[in-house]
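So, here come the structures, one by one.
Same chain, two partners: chain A is paired with chain B first, then with chain C.
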Partner chain A sequence: MTGAHTSAGTRDTPLALLALPALVFFLIFAVAPLIGVVILSFTSWDGIGEILPNGLESWQMVLADPMTWNALGLTLATMVITWAVQTPLSILLGTFIAGQQRYRAVLAVFYFLPLLLSSAAIAIAFKALLDPNFGLGAGLNLPFLNQDWLGVELAFPVVLAVIAWQFIPFHTLLYQGGVRQIPQQLYEAASIDGASRFRQFIHITLPQLKYTIITSSTLMLVGSLTYFDLVFVMTQGGPGNATRILALDMYIRGFRANQMGAASVIAVILVVLGLGLALGVQRLGGKDKTASQLEGGV
Partner chain B sequence: MSEFQLSRRGLLTAGAGLAAAVTLSACSGGSPAASGGSGGAAKASAWAITGQPNEGILKKSLEAFAKRGKGTIESTFFQNDAYKQKIRTAIGAGQAPTLIYGWGGGILKGYVDAGQVVDLTSWVNEDSAWKQSFVASTWGAGTIDGKIYAVPTNNTQPVVMYYNTKLFEQAGAELPKTWDDVLHLTEVFNSKGIAPISLGGGSNWTSMMWLEYLFDRVGGPEVFANIYAGKADAWSDPSALKAYTMIQQLIDANGFVKGFQTITADSNADQALLYTDKAAMLLHGGWAYGAMKSAQPDFVVKRLKVGAFPAVTGGKGDPKNLAGNPANYWSLSAKASAAEQDIAKAWMRDGMFDDATVDAFVASGGVPVATAAKAKIASSADKDFLTFVFDSVNAAPNFQQSWDQALSATQSEAMLNNISQLFSKQIGPEQFASAMNATIGK
Partner chain C sequence: MSATPTMKRAVPAARTTSRGVGAKNWVGGAFGWLWFLAVSLPIYYVVITSLKDQGAYFTSNPLSLPIPPNFTPYQEVLDNNIATYFFNSVWVTVGSVVPIVLFSFMASYAIVRGSGRFLRFTNGLFLMGLAIPIQATIIPIYLMITKMGLYDTLWAVILPSIAFGIPLSVLIMSNFLRDIPNELFESMRLDGLSNWQMMWRLALPLTMPAMVTVAIYNGLNVWNGFLFPLILTQSPDTRVMPLGLWAFQGEYQVNIPAVLAAVVLSTMPILLLYIVGRRQLLSGLTAGIGK
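== the complex of A and B ==
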């Protein structure tokens, strides 16, 4: 018994030491700023002057501001629409390019192109293409393309479409990997039983992709919560508040309106939402570790 | 909480001490002013915004100054909107450049309140000839509570109307003198398939310029003066409400080019609409002339006319009143070492508006805020425009500083956001007024 105990101890100590550097970085760059933000949310600070504690004033101000709720609504809409649009498309594309045929490999290369571009570059390019006066419509002489794409009505859906264009390749890549790991025997057995390719997809591919779906969904949901750069460059949150999502709202309050207290309140809300979401999605996956049917899987 | 404040202050002091120590060791050559030209001289720094012609003129001026052996100033340029946030963060973090570029007014007041910029009053006043070499009215926006914290620089930039005369001839129309003319021209140009007015509404401060003038023409300078003074409900002054209604009428009449809310001024797409003959009118700052001149020299010579913002019939404001930027400004960071400050001061005294620099400003199509410019304007290739600007500025009973610079950052951000909603008709005049009234005093 004692022997077993010591051996466990000797195994644990170096492991804990190995985790130390990462832990220190995590404390300095994640936990410490987080605590700072929580403290700042109970103060009023213009960024250069004194930091003055003001109790719950910032919280009351932010929660009473219709702009916050508008931003929260837009962020939730971004999350839901992003997930609902990107997940099916990514699964289908991922399944498609998981095949070994050469033409699929060629197409895959094209699908992955947006992954190589930075968000700022994508935003600037789309902004130029969608310009109602000097954009694609004017260049190709196609008047129907001369819509007010980034105007009040269309700005939000257009931004979501560009986000989808940017991120579907990444999730496609995840699903491609997931599909390729599904044991071939399952499909062979199903074929012998006379299952159509559609039924194979529904009853084998989708259930086997469960953990890939959870990973991809977590990235999508938490990612869209903090989505910022592309929207910032493309619309600055405008026109009006049409695309002012929560992360952008936080930035504008903090660095344009110089209300660090109010911006910190939004930051705290974002952290709580993000953590809650990540935990929730992981829960959805269940704790049944033996669910995988991968060859060699536990 | 007081503990928290203390620790932060302690941190800042430590940081400042460290910075001072580093700077001192860097210029370890005794008194920096005496250390002469080569190698040993300290370096000051300046941050400004990108965009020709000012960027190029500043670089040349600093290069010429470096050759005089009084030290060097390193310049870094940022895009306009990005700069406004970057500089504030830098100042807050104690990383400000020696020379801080700005627009005076409410933002400058924020720096003053935080003790981040140097009081220049006695230094400015000790050389009265130099002080008088600036257009006198421009010191105003750099003066907070009777003390001078910023030195005017660059061109005086009133906002004026730009007209594409080719399109006016094509439509057989006259340049507008009143607001009613503008509304009428909107119909005329729309019926010919020409966009009446170009506007980079995505930038919001561009839309703000329309309200600045409508406020003035309808109700006179007092309307905004009340807001600036923080009087309750000043944004719902009857004249202000009338101005909001008038602007929404113009929007309803398709006065602004299609998609104006998505056009940004940073890319100068709004100016491009005017000089590519797609839109007939543009309200823009004086800097647009130089920008259009470098983009299409032919246009400013052959097809451009400028004029004052039209009068409003029955309005109280003098049509000679102006809005815009009286000047740009340089402030000195309080965190800069004495050596760095001396270099910056030496440049402002001798280099900023030396003869060659004033020439360069005039040649680029601007009216620098140096009185020496007056003599040079008459012989300039752009004398029509320059004379117009010079005369307008001198004859203006009131020169309203741009609202987003005059107000505090908090008010300014709320204002630009609400203006964007007003122009995209997400809110009406009453909602705009009540949303803005809530920001008074912040």
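== the complex of A and C ==
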């Protein structure tokens, strides 16, 4: 690194030099792999031996495999359900804890606890909690809670519910911030006009939250492509293929079945989906504003 | 958070409005308590179960308090190498966060203070990086790490973690640096200070709040990270906490109290952080997004 003192008149430390360490790391471990995964999708590799080009073979194999479409369907279902469940709940909770009442502030302290836990910890905790004999159902003495929660039929919705438990706090936090920025005068004016709390919520809060909704939705939709840790620890993609979403499908193909070419195809699909979604949502909601909000600083 | 004068006035004003108020408060309140229950019940279950011995786990009501608390599960976890996993996690987290903060700060300073095509390109690249899903890059990363001879070392986790921490950190810090008035830099420039000196003497102290945010955000991500350790390490000696939890769960399937004790222990450091600096931690979690 150049730490030279500069005498007046000469050019001092070139600023570009200061950006180099970050750039180098990013190029090597993020950009190169991104290009690498596209290249690997046109090869066959078992993870240990030689990497051999095989043209479109991996692509043809993956696209002809019903497993891929199963995984894609589950991923899209995850995306839609996650959004439809988490968004309204997060808006309501965010609005609720944005209030100034003391007890709400106390409740909020608990609301954010799931954010502190690792996905592995959450998955393990819920596996114990959902145990039919020694879990919540037995504890509350409610027999209908003693289902085979992680069996073929229920595993997928249960995983989605646990994902909601994990991520709603984060989006609640975003909405709390959004609600607190709404000018108080809007509510005062509406109150004078005799608008009920419900009408105020519909006509003031929701429209004012528009850009928070777009930000939160983008993060939610793009994020739902990458749920891996929690599903991996809870179900390993099973039982059968009941929870084998794309990210898991990629892992299983690559690191269990040693078909890195096929797994790279899935990875490329993930990247394309992610970029497409990010751009799509932004366009839908007015790109400039969202970008500026995402960059809205601390 | 201190309520502003306008807010203080607004609250009673809102309370006295129309009939809708009572109804809304009931709905909101009921829902708020319901969610409180949904969050605290699992956590309560984990904590009390971690304080029961196996006999009590099988015989007592799952939601009953463990009286007296039994610390055998914790003893079992502590006898099981968890200290190694803990220090691995500490090293991986510190080893990733320090370079992330330092490199991102330097890059942000260059991007904000500098001009030219190279820096604009760099900034654009980092922005694009925000949309790269880690999962999609894991196979080439695995290939690179094995070729570098770093497989099954902690470096294997640290190096890619640094790379993926940089984009958002640069975004946050450069936004922060843009708010520093240009006059401050100009006057230091007149005093004959170089870019390098101004970066440390002027920009660094003024960017401290953003650095704390960035450090917390990345610290949590790395501490709780699972994918890089899962793919890039293998032996118990290089296990980090989340991976240790997972392995522990595999080995001790029947000993649920011990598994949950491990869960509690793995969360302790962050919980302490939460108790000490909740507001900082939360703003670090959202990394200033959407504020």
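The rule we apply is simple: the second predicted complex is superposed on the first by the 248 of 298 C-alpha atoms of A that agree within 3 Å, B and C clash if a C-alpha of one lies under 4 Å from a C-alpha of the other, contacts with A are read in each partner's own complex, and residues count from 1 in each chain.
Keep in mind that, in the parts below, a residue touches a chain if its C-beta (ideal position, glycine included) is under 8 Å from a C-beta of that chain, and two chains touch if they have at least 3 such contacts.
Worth saying up front: this structure is predicted, and the values here are computed from it rather than measured.
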Looking at the overlay, does A:Tyr111 come into contact with chain B only (first), chain C only (second), both, or neither? second
Mind working out whether A:Ile202 is in touch with chain B, chain C, both or neither, as first, second, both or neither? neither
Touching A:Ala125 in the superposition: chain B (first), chain C (second), both, neither? second
Kindly classify A:Phe134 by the partners it touches after superposition: chain B alone (first), chain C alone (second), both, or neither? both
Scan A:Pro53 for contacts with chain B and chain C and give back first, second, both or neither. first
Check the residue A:Ala189 against both partner chains and state whether it touches chain B (first), chain C (second), both, or neither. neither
Is A:Leu150 touching the first partner chain B, the second partner chain C, both, or neither of them? first
Quick one: name whichever of chain B and chain C touches more residues of chain A. C
Would you check which partner chain A:Phe255 touches, where first means chain B only, second means chain C only, and both and neither mean what they say? both
Common interface residues of chain A - those touching chain B in one complex and chain C in the other: 47, 131, 134, 255
Complex contacts: residues of chain B adjacent to chain A: 1, 4-5, 8, 84-85, 88-89, 91-92, 110-111, 113-114, 116, 201-202, 204, 257-259, 261-263, 269, 272-273, 278, 408-410, 412-414, 417, 420-421, 423-427
Given the complex, residues on chain C that touch chain A span 3, 6-7, 10-11, 13-14, 17-21, 23-25, 28, 31-33, 35-36, 38-43, 45-46, 49, 57-58, 61-64, 99, 102-104, 106-107, 109-111, 113-114, 116, 118-119, 122, 125-126, 129, 131-144, 159-160, 162-164, 166-167, 170-172, 175-176, 179, 192, 194-197, 199, 209-210, 213, 220, 223-224, 226-227, 230-231, 241-243, 245-246, 249, 256, 259-260, 263, 266-267, 270-271, 274, 278, 282-283, 285-291
Once bound in the complex, which stretches of chain A touch chain C? 2-6, 8, 12-13, 15-19, 21-23, 25-34, 36-37, 40, 47, 89, 92-93, 95-97, 99-100, 104, 107, 109-121, 124-129, 131, 134-136, 138-140, 165, 168-170, 173-174, 177-178, 181, 184-185, 187-188, 191, 194-201, 211-212, 215-216, 219, 222, 225-226, 228-229, 232-233, 247, 250-251, 254-255, 260, 263-264, 267-268, 270-271, 274-275, 278, 293-298
Touching chain B in the complex: which residues of chain A? 39, 43, 46-51, 53, 67, 130-134, 146, 148-152, 155, 235-236, 238-242, 252-253, 255-259
